[in-house]
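I have a structure here, written as structure tokens, and I will follow up with some questions on it.
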Amino acid sequence: MSAHMAGHNTVEHTVEHTAEHTVELPAQSTDVILTLRDITVQYSGFMAVDHVSLNLPRGGAIGIVGESGAGKSTLARVAAGLIAPTSGQVLLDGRVLAPVRRTREQRRRVQMVFQNPDSSLNPSHSIRRILAEGMLLHKTLGPHPDAEAVDARCRELLRMVGLGGDSDAIDDTGNMTVQGGVGASAASAGARSASAGVHSASAGTGVSANTVLGTTGSDAGASASAAVLAAADVSELNDMLSRRPQAFSGGQRQRIAIARALAVNPDVLIADEPTSALDVSVQHEVLELLADLRRTRGLSLMLITHDLGVANALCDSIMVMRAGQVLVHKPTAAFFTDPGPRYARDLLAASRSVAIAAPIRGQV
Amino acid sequence: MLSHYSLRLRVLEHRLPHTLIAGLALLAAIVLAAIIIPAVSPYDPIAEDIPSMLQPPSFAHPFGTDQLGRDLLVRVAAAGRVDLALMVGVELLPFLIGTCAGLVAGYYGGWPDRIITLLSDALIAFPFYLLVAVVAFVTGTGITGIFLTFLIMGWIIFARTVKGATASLAGAEWVDSARVMGFSDASILFRQLLPNVLSQAVIVLVSDMVALLVAIVTLGYLGLGVRPPTPDWGTMIADGQSFLATRWWVSTLPGAAVVLVGIALALIGDGLNDMRRRA
Amino acid sequence: QTGGSTTSATGASASGDQTTFTYARSAAVSSLNLWTEITSNNAFAIDKIFEPLVSFDKNGKIIDWLAKSHQISDDGLTYTFTLRDGLKFSNGKNVTAEDAVFSLQQHQAEKDAALPLTADIASVTAPDEHTVEIKLNSPYTPLLAELANFSNGIVPKDFGGKSEADFFANPVGTGPFVVSKWDKSGDLTFTKNENYWQKGKPGISKLVYKLVEDGTQAVNQLKTGQVDGIEDPALENLDELENGNDTKVETAGSWVTHTFFFNTADEHFADVHVRRALAYALNRADVTKAVSFGHADTAKTVLPKAIEYSTQDSIKPVDNDLAKAKEEIAQSKYPDGFEAKILLASGNNAYSQAAQLLQSAAAKVGVKLDIDSVDIATFRSRFKAFDYQIMINSAQADYPDADSIIDFQADPDGFSKSYWTSYSNPEVTAELKKAQVTPDGDERADLYEKIQQTLADEVPYIPLYSPQIVKALRKNVNGLEVLPNNSVRFQDVTLG
Amino acid sequence: MLLVLALVTVGVFLIVRLVPGDPAQMVLGLKARPEQIADMHRRLGLDQPLWRQFTSFIATLLTTGDTGLSIAYNASSRALVLSRMPVSLWLIGCSAVLVVAISLPLAMTAALHKDGWVDQLVRIVPTITLGMPEFWVGLVFVLLFAVTLKIFPVGGVQPGIDGMLYSMALPSLTIALAQTPFIVRSLRTRILEVLGSDFVVTLRAAHLPERVIRRHVLRNALLPALQLYGMKISFLVGGTLVVEQVFGLPGVGSLLFNAITARDFPLIQAIAIYCALGVVLVSVVVEIAGGLIDYRVRGAAVGGRNRAAAGEWNSAAARGAL
Amino acid sequence: MSSDAATTAADSSVEANIEAAARPDAALGGGCTTAGDSTDAVAPTQSLVKVRDLLIHASLTGRPLVDGVSFDVAPGEAVGIVGESGSGKSLTLRAVMGLLPEGVTLANPESAITIAPLPAAAAGVSRGAGVTTLPAPPEQGETAAQQIGGVARESVRPGASAPSRAPRLAMIFQDPVSSLDPLSGVVRQVAEVLRYNRHLRRREARAQAADLLVSLGLPESLRAADRYPGQLSGGQCQRVGIAIALATNPNILLCDEPTTALDVTVQLQILDLLADLRDRLGLTMLFVTHNLGVAARLCSRLIVMQHGHIVEAGPTEQVLRHPQDEYTRRLVSAVLPIPDAGEVATDMRAQLTDGARNTGNTGNTGNTETEA
């Protein structure tokens, strides 16, 4: 059998299937924030998710990979409380959650970001409304926040996800808030956040890229011009807040979706292929953002993807799913050293063969 | 700020399809005529003047006169007030009910959907004129009957449209986002989904208004419409239809008014549709 | 070109014969039972099949029909009819006096009789094969006119041996036509009665009653020759048809008066001044003009001109005088006016126009009238339950005698209580009863004149107009006799 | 679907009895005496309590399929309906065919010349007929084509199939004109959508002749229009009254109207039940036709639901296949 | 020839490519070399597709979408166009195809695109002239090639398709499912294209369509029962798309992100299939993608676009190894690496190691593995 035909081997399936049931989960620990316990989801007899268990450590990140139809999204939806599993439980901080009817507080703590930037924001609401709704519902700004407080928080969120114009590192008061991550990320974030979006002049991109590259990791502190910049920034952000999702590019929308999730200060973020609809450079920015959030806010992440490169970049451990089952769940390093089952190996091989060889990248 | 403003204007201009503008202009002209003509005309729309009955259009009576010698121009205009108001008033409640029913059916599916579908199927299978007649007979002819009839039948089309639109949106990721966020179903239905399906419902509303107007006119023809002496296009057309061959103006001119409203509404509907697709 | 035979499909395809007459009617024939039916859709089919002993002509004058002569005894108690010679039923059997006796007795016995004989009949006998004798207990002048009614047609004795239901499903009579095809919700086709007693008649071999419900459609079918005649052309189309290239109209005086009826049991309309005020405020000539297009006479009395003793030309009506109207309302219990409703059957254009005219007339004396238009069935229930204030309807004579209308409209003890107006004036009632037993002549004329004037003065109803009886025909139709009861005689018709 | 029938049956039974007015009164006429009317009530069973009337009606309906004797016509109501049915069926059938014959080419031409003058014409002209009541259009047709030009009969029904077609020309055109605007618009919009979809580019890139591409486009555009069309036809069943009147056609519509006027309960019930049956048939046919066009809606015909589920299934199949 | 044999052969040829792909070098240059082999006879200066100063703007706003793009494609060459979303890649490609969408205007329709007549030598390469002149393919691929090419030869009606010298273009699209008519069976769709492009009779076309699909790796069962696109997976649909393109008998194959919507594993299969076809049929290819790795695998030359301009062009290896333009550099750096065994954390995770990651306990994520 040729390599790419491996997936059709039904014998393999059966073996894996029986093996799966015997998997023992490591003992619960207080460090685990979200637990999926023996989740099964059936759609009219069809097993979309088949006895899957996992523990998401506090502040940790699990990458769930697998081919299309493997049941990744279904699992994520169970975790987010969107669908009730046929059997199994979801635990948050060791407490069992009701399948779909979660309390408002439980809802707040587990947020989800979806794959498709075109459909992940309500097209008829302004960005302000999209961001503020959650805050008002969960009263994260107190019971009756005034409009300006809400706006300020919205602007802060936009800046947090890198939508703050060229001065994205400056908050309303002129203080630096977000550390420049990898230069390329901040640079393109800047390029993208201008209202012209993707189509801003290439010259501008170059400049900001250079600027940010130059200041990467440095602590520039508040400068005299910061206040001026801040004022311009506020009006630009306000303008952005009044626009509708259609007025943003895919990458921007995906950031807004993340900002919406962050607005309610969640502890767990489930991201279902948040970058697969974006092109490489934009994908990079979104991943930077997620990495940054993990680092700065201790957010726990459940990242669904079918791209091993993405999982590698962001996650501590990688879980491969196939036909509703977990094939393998390993720490990232271990996975790339020895992916384990046949399918995981095929996946890795395929990913490698369409990726650019490391030597080339090394020379950039 | 100024530049902002002019930018918005330009966007507006750009966005409004010319069909919409033409339709709105036409409708505005009709509404204005309906308001102004009876106010300035020397004739009373309901006072008879037998000696001048059935005169052809002339300078004194641009639209001619009817069987009771009333000036048709002022009657057509006055009827416009009645019929346009009726058209809007009668559509309102079915629109609300149908939209809500459609939202619920589309969002939940399952038994709410099945009940609403069954009900609408049964109503469609119920001969329309039987319903019209029964209602008219119970309430007596006139506005109440018209109102009730179209309340019973009118919601269906909105329910179906909105249901389809909602069902196709209900799977959208932003709806799931709202659920994950912890919003209640009611809030998702009315604050999240409704604004998105409303435009489609409104487009249907506009085109359904033409159908409604024609239906009201047809009721007039069947003698079940607006009660005399209230001027109404339907009864006017119906009254004149028997001498269409000899005194064409009596029924043709009110007919033309209906056609004009139909064109205006159709243009508006088209324009709204264009706008929706562009957005 | 013969419309009925070449353009009309019903005619052309049947057998290629040249003499089919297609008659457009607005309602189908649902029953042919001559005793229980009254509505014109059935009556004017029944009268083509069955014929009475006496009948009436175009002017409403009584003529001998199956009887070749009749005699009334001087005391007015004995009526003797002599049958024509050689009378045959359509099945070829001879008609005898026994058949006539059977028919009249059956009619008397029929408990669902729609137009029962009101005379106090002592006996109906057949002294010999050709003679029929009716004896009364008390004189009753309208009897002869009543007998002229289609419901006193002659059927074979014992229904020729069939059951009543079977007989009327496939009736046999002496009339000029025989039913050949009958769709109870559609067309009725007659063929000529080969045994008809008027030799050589009818001139057409086939008569089709074609159901055309819509008036405008009927007019257009006539124009293109799809039908040869229309039973009830709308008055507004008459000009057009009269002056058309291929069409013409035939008229006769009518027995109908369209009328506003006041419910005198209603507190407002119990007041004669209110009624007079409205009558004075209304201009009946205008109403006539607006609805009849020159084909009706303004009615000044309830008795149509075409019926003997009508005082149409001499009566002093309460009509069209606004000053007097205002005086009357001032004298009434409602000098400042009041609100009331006009009950109306929907779908009748002329009534709707008339109601609007009364509405604006009433407004001039401060009475606010609303038009309450309801469907015909509701309408009938409502007025039979006296649930109305004013209604518009027609008063129609069933047979050519003044009593036919007056009795029905002015007798508070009759079952309709003066046509549901509850109007009661003992004087009128007495005169009415007297007129019934008074032989025709001046005395009867005086009585009816008095009654009519009283009714005109006290206005239990406002008679509006009496439309002509009109039939629209193709130009090539000759010999159609239009009768004042809205029926026609086809036996003399030829298609030129 | 059976549920729909049941609902209509019950609904009609109750609703006609809500109406004021008395069938006996209508049959017996003005001069009827109270005892005559009471007698007739007894014969018709109208003196019974409502539930008794209902159960006996349902019992006869279910056991014999009969709907009772018409009060006004004194004949079997079923026979009456059936005798009127052919004309209505012809009328609906002819207009349905005409609607298709007019809509398809118009919508296609308009969509292919988007914003051209043909398109503008197709968008504007039907809106004119949209605002015209059927009875008025019918009248004008009669005056023009029958009375003046003498091309078609004024009304009524001519014998034979050709005669029937000939008689149906104007009435069905009248109905078609009232319906085509909706269908054309829906179809045109949908065709435009489909024309913009990816697979059309594939077909173009594959050098297929334009007419073949059009066939694909049309097929893809057809389903929503078909469903709308089905709904319009459903409304037409039992809703041809006005056209029947204007053209003097002896169809079910005018029978129904007379029955209502006469409060002829058995006949009204019979007509309503047969019409509902017709509507149910129409919707089954539409679903079958939809299934022929789009395999994804197949199998929904019997249950009458699960259309969305079919779509789900489809995507599930797509994912599960390889 | 038995169809089973054909399938096996096609599969094994793809398999061979996968093996080759496992070598990093082959991934970059392999495709290029193979293509070079087959076009040796053609003077490299001679271009088949010549794009000069392509100028496309939005009809409504006049905004330039593709602005002065020029490049050449030599016969038998595979050229990749890469760039971010919205940079005008698709428009360029569709301009070459001559199928610009509504709403955009080509400023210079006469001069912008020139498709040269096939050079005499290359005519042999073109499949229109018949498969016999194909440079001898590797043995194991022969059946497949004949199967695919044989369609043309066996079925040409006399006189109907005299080999034309104007090259034929075909196109494959990004979204495999939506680029097929959802309401027609896939065999039917392919058959239709065969019928109208090769003037076949219906039944013949159907049989050959099924052959073609099976030879491209679709299940045998299609011969008996047609399936709708919705009933096939994305990868299968993409094969159908390729079959449709091949059925038109093309010389030039334009690919618009044909693998973007697919799973990695399936993506690889399709890429290999395309490489295989390119080699056997000597197709000239223009390959649009935003994935550098994908482009690198298939193309000998790369064109990098941004905002409607070409910012950089050159041989694949050069562009990737020594990107000159800033944007190209960013693009290259944005590609996420798949670590080799032993190499683990890179940029982002490296950062995480200093930060929040310390709080997490990797051990607790569980280390479960099921061995096959």
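Note that the chains are named A, B, C, D and E in the order they appear, and that numbering of residues resets to 1 at the start of each chain.
In this text, contacts are C-beta pairs under 8 Å (C-beta built on N, C-alpha and C of every residue); 3 or more make two chains touch, one makes a residue touch a chain.
On a predicted model such as this, the values are computed, not experimentally measured, just so you know.
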To reach chain C from chain A by way of touching chains, what is the minimum number of steps? 2
Out of A-E and B-C, which chain pair has the most contact pairs? A-E
Where the CA atoms of chain C average out and where those of chain D average out, how many Å apart are those spots? 40
Taking each chain's mean CA coordinate, chain A and chain D are separated, in whole Å, by 53
Report the inter-centroid distance (CA atoms only) between chain B and chain D in whole Å. 22
Would you kindly tell me how far, in whole Å, the mean C-alpha position of chain B lies from that of chain A? 48
Would you please write down the residue numbers of chain E that are in contact with two or more other chains? 233-234, 266
Of all the residues in chain C, which ones touch at least 2 other chains? 216, 375, 377-378
By the touch rule stated above, which residues of chain B touch at least two different other chains? 133, 137, 222, 238, 241, 244-245
Quick check on the complex: what are the chain B residues that touch chain D? 19, 109, 113-114, 117-119, 121-122, 124-131, 133-134, 137-138, 167, 207, 210-211, 213-214, 217-218, 221-222, 234, 237-238, 241, 244-245, 251, 255, 258-263, 266-267, 270, 273
In the complex, chain E touches chain A at residues 11-12, 14-15, 18, 21-22, 24-25, 27-28, 84-86, 233-234, 263-269, 271, 290-294, 296-297, 306-307, 309, 311, 317, 320-323, 326-327, 329-349, 351-352, 355-357, 359-372
Any idea which chain C residues touch chain B in the complex? 215-216, 219, 234, 236-237, 239-240, 283, 286, 289-291, 346-349, 352-353, 355-357, 359-360, 371-375, 377-378
Contacting residues of chain B [partner chain A, same complex]: 172-174, 176-183, 192, 195-196, 279
Which of the residues in chain D come into contact with chain C in the complex? 19-23, 25-26, 28-33, 36, 39, 72-75, 80, 83-84, 139, 142-143, 146-147, 150, 153-156, 158-159, 163, 245-248, 250, 254-255, 258, 260-263
